[in-house]
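Every chain is named by a letter (A, B, C and D) in the order it is written, and numbering of its residues begins at 1.
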Amino acid sequence: MTYLLEARGLTRKFGGVVALDNLDLAVVPNEIIGLIGPNGSGKTTFFNVVTGIYGAHGGSITFDGADITRASSPAVYHAGISRTFQRSRLSLPLSIFDNIMIGNHKRLNQGLWFNLIRRGEFKREFEANYGAARTLVEVFEPQLAERMFEPVGGLPMIDRRRIEICRALINQPKLLLLDEPSAGMTHDETKELMDDILQVRDLNRNLTIIVVEHEMGVIERITERCVVLNFGRKIAEGPYRQVAVDRQVQEAYLGVE
Amino acid sequence: MSEVMQKLRAPLLPGVVALALSTAYLIALLAAEKQPLIIGLLAFAVAAVLAAHYLGWLNLVSRSFADREDVLGVYAILAACVVAAFFHDNHFVLLLFVTVLLYTVATLGLNIQFGYAGVLNFAGASFFGIGAYTSAVLSTYTAVPHLLVLLIGGMLAALIGSLLLLPVLRTRGHYAALVTIAFALLLKTFLEVNDVLGGPQGMQVKGMSILGWSFNDNFEIGKIEMSFYLNYFVVSMLLLTGTFVLVRRLERSWIGLNLDALRLDEIAASCFGLDIARWKITAFLLGNFLIGIAGALFGMVGGFVAPNNYTFADSLIMVSILLLGGIGNPWGLVVATFIVVVVPEKLQTIQEYRILLYALMVIMMLLFRPEGLLPRPVRRYYPRWQA
Amino acid sequence: MDVGLLAQYVMNGLMLGMMYTLVAIGFTLFFGVLDIIKFSHGDVLTVGAFTALATYIGLRSAGVGSTPLLLLAMLVVAILAMAALGMLIARYLVMPMRSAPALNTLLITLMLGTVLRELVRLFYPQGANPKPFPALLPTASINLGQFNLRLDNALMLAAGGLAIVGLQLLLNRTKLGLAIRAVAQDEETARTMGVNFTAVVLITFAIGSALAAYAGIMNGLYYNEINFGMGLYLGVIGFAAAIIGGLGSIYGAILGGFLFAALQTIGTVALPFASAYKDVFAFTVVIALIAWRPTGLIQEKISERV
Amino acid sequence: MSRIARQLSFIFASALFVGALVATAQAKDKVKVGFIGPLTGGVSANGLGGRNSADLAVKLRNADAKAKYEYELVVLDDECKPNVAVQVATKMAADKEIVAAATHYCSATAIATVDVYHKFGFPIIVWGAVLPDITYRAKYAEVHRVNGTMINQNDANAELISKIGFKNVAVIHDTTDYGKGHNEYFSKAFAKLGGKIVGTFGVTADQQDFTAELTQIKALNPEVIYFGGLTPIGVRIRSQMDKLGIKAVFDGTSGIVSDAFIQGLGPLAEGSLAFREGAPTEKLPRGKFFMENYAAQKYDNPPEAYGAFSFAAMDLILDSIEKVGPDRKKVIEELANVKERDSIVGKVTFDDHGQNTVAAITKYVVQDGKFVEWDDSEYATGKRKLPGQR
């Protein structure tokens, strides 16, 4: 079978610390895969290496048949990978609409002439995108759709998360990287958010998701398969129920040697 | 702002009233000669603004400007023309007025760089000077049509600015500040020690003339003698209007969004496909281009260029205009430029204490209203557009 | 080139570099604890020098004749006064700006610098004119060919070095130093460790400003002339030095300070074009350096977390 | 809040009232004259001295019962910056009430503004700037200058230097037009007399440290260091010469003829040479009178080198107005035929360029903390010797 994303022997060091140690990880299209492991086990680093924020010190990443090991962040995005961040990275002074449009970069006409002179066409493009953004937001929270031009700075955490996910989804990526979507939210909020995500996925069948999570409830509910990392190494792989009882995994979490 | 307030379109009236009042006030201030009167007027302005602020009128005004800019913009231009007409034969006031207009153009350029893209530029005056020197050289040694000279001035500013691109792109924050500060210092020294461009003594600039119409001669309309600066007022006004529209459109476009995005979070932006370098370059060059054009025209207005017109201190004045006005808000820039250019001039008779007072003013401003006079509102691509 | 001459250049360069370094260290300290640039630093130096001069004149007119005593008094008064000034600036101008963008702090301190400068010019008796600064150090000198080594210069160089070493010890060997470094590393963690953030910031500004006063006096003793504009230029250069060295690193400041002095000396002496171009040369090199090492020669503390 | 507003508006109202009073207080025969100079920035000391002197001239005239008009002095600050100068010059020239003015200490500002004065037909007398071009670049009837140009100064300077018997001179000049001009004319004049310029060094006006330049000069070991520049860096250079143990004569220009130079250096100033246009104020009958009255006014700055010129310029203007009335055109005509006119800086004669041709240059040497005329100094008599003087 062909993988959507495949990492082979991926390695990344920070000074002496080995954050990713010769990691193999493969994702098949349309699956939701959970990436779990104790703090500092390299989950976020994996995202950062995939999205080209950090370079890899070894190994390779192929996405959708193309080698993206050395690709820059923008290139990775254009290839069809979107992500969210552990610490929310919205542009707080900007409106909901603007933040979502940032995620829509590749589908917006960036020409100077178009933007400055052909305002008629620009308006049409703007209206179309406004519609799209609004529909997407409505899936998550209809009330937000009424406040598209308010700064996100004034919104509660859950709404910010929603917008961040909208920003990642608006360009209809092939692969979505969710970095601790539950961070800073209550159980119920998290649950709500996950339902929304699944709902979006129902709309867009061929969306593949990798989610990094500490909330095992979330992992259990939404993932079909998880990969467990420890010290940048893969120590277990399989359905949640299976890895959850794995002795190595438990030791890793309990920190037993 | 709650969504309700957003939905109902803001009334035009507050904006118009504010515009009318400030026009009247401006005329009064510019016409005032006696020190006590001037100080009185200034005190009055402060009081009035504070009052308006407490009574919530300022909000009304800024909202009606935000929503009805199209109309108010036209009125603003008319207002400017009224002031100019009032002082039609007063050379000095018109010179002052033209200075304000051209400084506004320049700070609009800075605004693209710093206000939107977050690219620091502490060499604003230097690029202004490059423009001015261009028109000095071209108008003295060549017959290049003067409108073209302005354009070349802008291009040269952008071109020389591009020498700094590498360090500007690679550095951030204070490190980036050093790049332009160093440039400002070395350019001034260079112009001073290098005699090709007149050295420290500077160069004269020929007055502007388009299609045989010489800008430096007084002229008459009917029987009324007009100051030759009226010519420059017209051109400067056109330039400012054009620049203003350009900057507005830029802000209310995907490009404006790109610039904001990269200013606020480069990493997030690049994870969503933004080519950081490309847009930083765009902003830096475009900004310097505008500054250069303004400088080129200013050179012709002043009739003289010399190195110490374009010192680091002058660049700082431009930056302080940006902060006073409210970063990213063109209307704020217009107001701030008036304050920074006109007030110290009006206080000439406190002579050696002027600079001290100016510095204190800026400090107070930064302490008590760090967001500037007119903070930038959240972006509305089409202010009165409803889905 | 004649060895004596060479030695002379080196000596000049060292003196110059020492003064730049003392200023640069101030910049780097402030940046360390608050991540801000305090541009009024150079003018604090000026005020320090003038305070010392005023003290001297006052004591002389009060009939104090003993040179060591005068020198001591000048140092104490100027240093204490500037330390206090530094604290005031930090407390009432810099700390309130913390929430605002960095540029605001830069600008407000620049304006403060202008205020200090203008105050000296306008309100110090005939402050617009250069003032003679007494030569209080023994001026014995030995001439080796072109090289003329003066005892006072040697003493000042040593004193400057001592100040830097002292600072290093303070930062690395004392509880206070630990607190300062903790804040510099990560404010939040420092707070949770129970460090009194405000106190640390104020003390740091006091130390930095005290150094400026020290540099100001050194400047006066070296040139025997001070003027209201001296700080502006030193400030800009100190800033440049701190940056090319790498903000937040004392060693960076030292490196930057002496490097800049070297550049200027080379620009004057060793280059084909007229000596007037030396600043053009120095700043061009600065720009080139910063393009090559965007965060200074000695890299800055932490890279951005994602 | 509204209370505050009321108070402020009250202040405003009263301000208006005061303004009105001042306005109505204006008597019929009031005439405005102007002064422009650097009141802020590095050379503000000279600007303030010049302003005070012009102010003194007006005060004295107003005190004089025989005066036909009552004069009001309008003062503007050119900050020694050409762009600012053009602005204030336009302001003053465009103000029809102002009849004439004494303008500019900095050459860069004077040269930038002459066209403005010409354009507005506004008669001015330059009181301090020494760049020849100011009067000689164009032939403007409006522009005059009481002080000589740097050419006369440097001829006299070179002459004295070679007369004493010095052959090798190193030149330091600031990179402003003032310093560059001096360098040019002195080097020419000195070369003509067979002297040798062993080295020339440009320094920036805000430079603090000159040890690098001076060390090079030391190696060239000249008998004289000629300095073309103003007091502040003059003081620095002289004291740093001492630091490096350079035993050469410090030969300055009009730029260092100021009390500030001597105060700034103390004993080190001894034996420094300097040159200034015009006869030595203290020797002329009215010069004493000027000094005394200046002292009487208790200004907080001394007149400095060019205060006397500022006073003389303003006096000429006032004389002319008294004679032909407050009319710019008439004043210009009147100034055109100023010949052999006595002033506190000696006789004044304007040539067809408005330049004062009676370029009496006074040679100064610092002796016992005073600028003493060379010819009456103990150095001239040989009682004392400059380093290297035969």
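Everything below uses one rule, namely that a contact is a pair of C-beta atoms (placed from the backbone, for glycine too) under 8 Å apart; a residue touches a chain by one contact, two chains touch by 3 or more.
In this text, all values refer to a predicted model and were calculated from it rather than measured experimentally.
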Length of the shortest touching-chain route, chain A through to chain D: 2
Chains contacting each of chain C and chain D, listed by label: B
Pair exhibiting more inter-chain C-beta contacts, B-C or A-B: B-C
Chain at maximum distance from chain B, centres defined as averaged CA atoms: A
Distance between chain centroids, defined by C-alpha means - chain A, chain C (Å): 48
Chain B and chain D, separation of their C-alpha mean positions in angstrom: 36
Averaged-CA centre spacing for the pair chain B and chain A, given as whole angstrom: 42
Residues of chain D engaged with two or more neighbouring chains: 44, 48, 175, 202, 204
Shared-contact residues (touching 2 or more other chains) in chain B: 189, 192-193, 267, 352, 355
Per-residue overlap in chain C, given as positions that touch at least 2 other chains: 274, 276, 279, 306
For the chain D and chain C complex, residues of the former touching the latter: 42, 44-45, 48, 175, 200-204, 206-209, 211-213, 215-216, 218-219, 231-232, 235-236, 239-240, 242-245, 258-260, 263-266, 268, 300-301
Complex interface listing, chain B residues touching chain C: 114, 120, 164, 166-167, 170-175, 177-179, 181-183, 185-186, 189-190, 192-193, 267, 312, 316, 319-320, 323, 327, 352-353, 355-356, 359-360, 362-363, 366-367, 370
Chain D contact footprint on chain C (complex, rising order): 2, 5, 8-9, 12-13, 15-16, 121, 126, 128-132, 141, 143, 146, 148, 150, 153, 219, 222-225, 227, 229-230, 232-234, 264-265, 268-269, 274-276, 278-279
Residues on chain D engaged by chain B in the complex (per definition of touch): 1-2, 4-5, 8-9, 11-16, 18-19, 22-23, 39-40, 44, 48, 51, 75-77, 80-83, 86-88, 90-91, 93-95, 107-108, 111-112, 115-116, 119-120, 131, 133, 175-177, 180, 202, 204
Chain B partner contacts - residues on chain A that touch it in the complex: 51, 53, 72-74, 76-78, 82-83, 85, 89-95, 98, 101-103, 105-106, 108-110, 112, 115-116, 119, 122-123, 126, 130-131, 134, 146-151, 167, 171
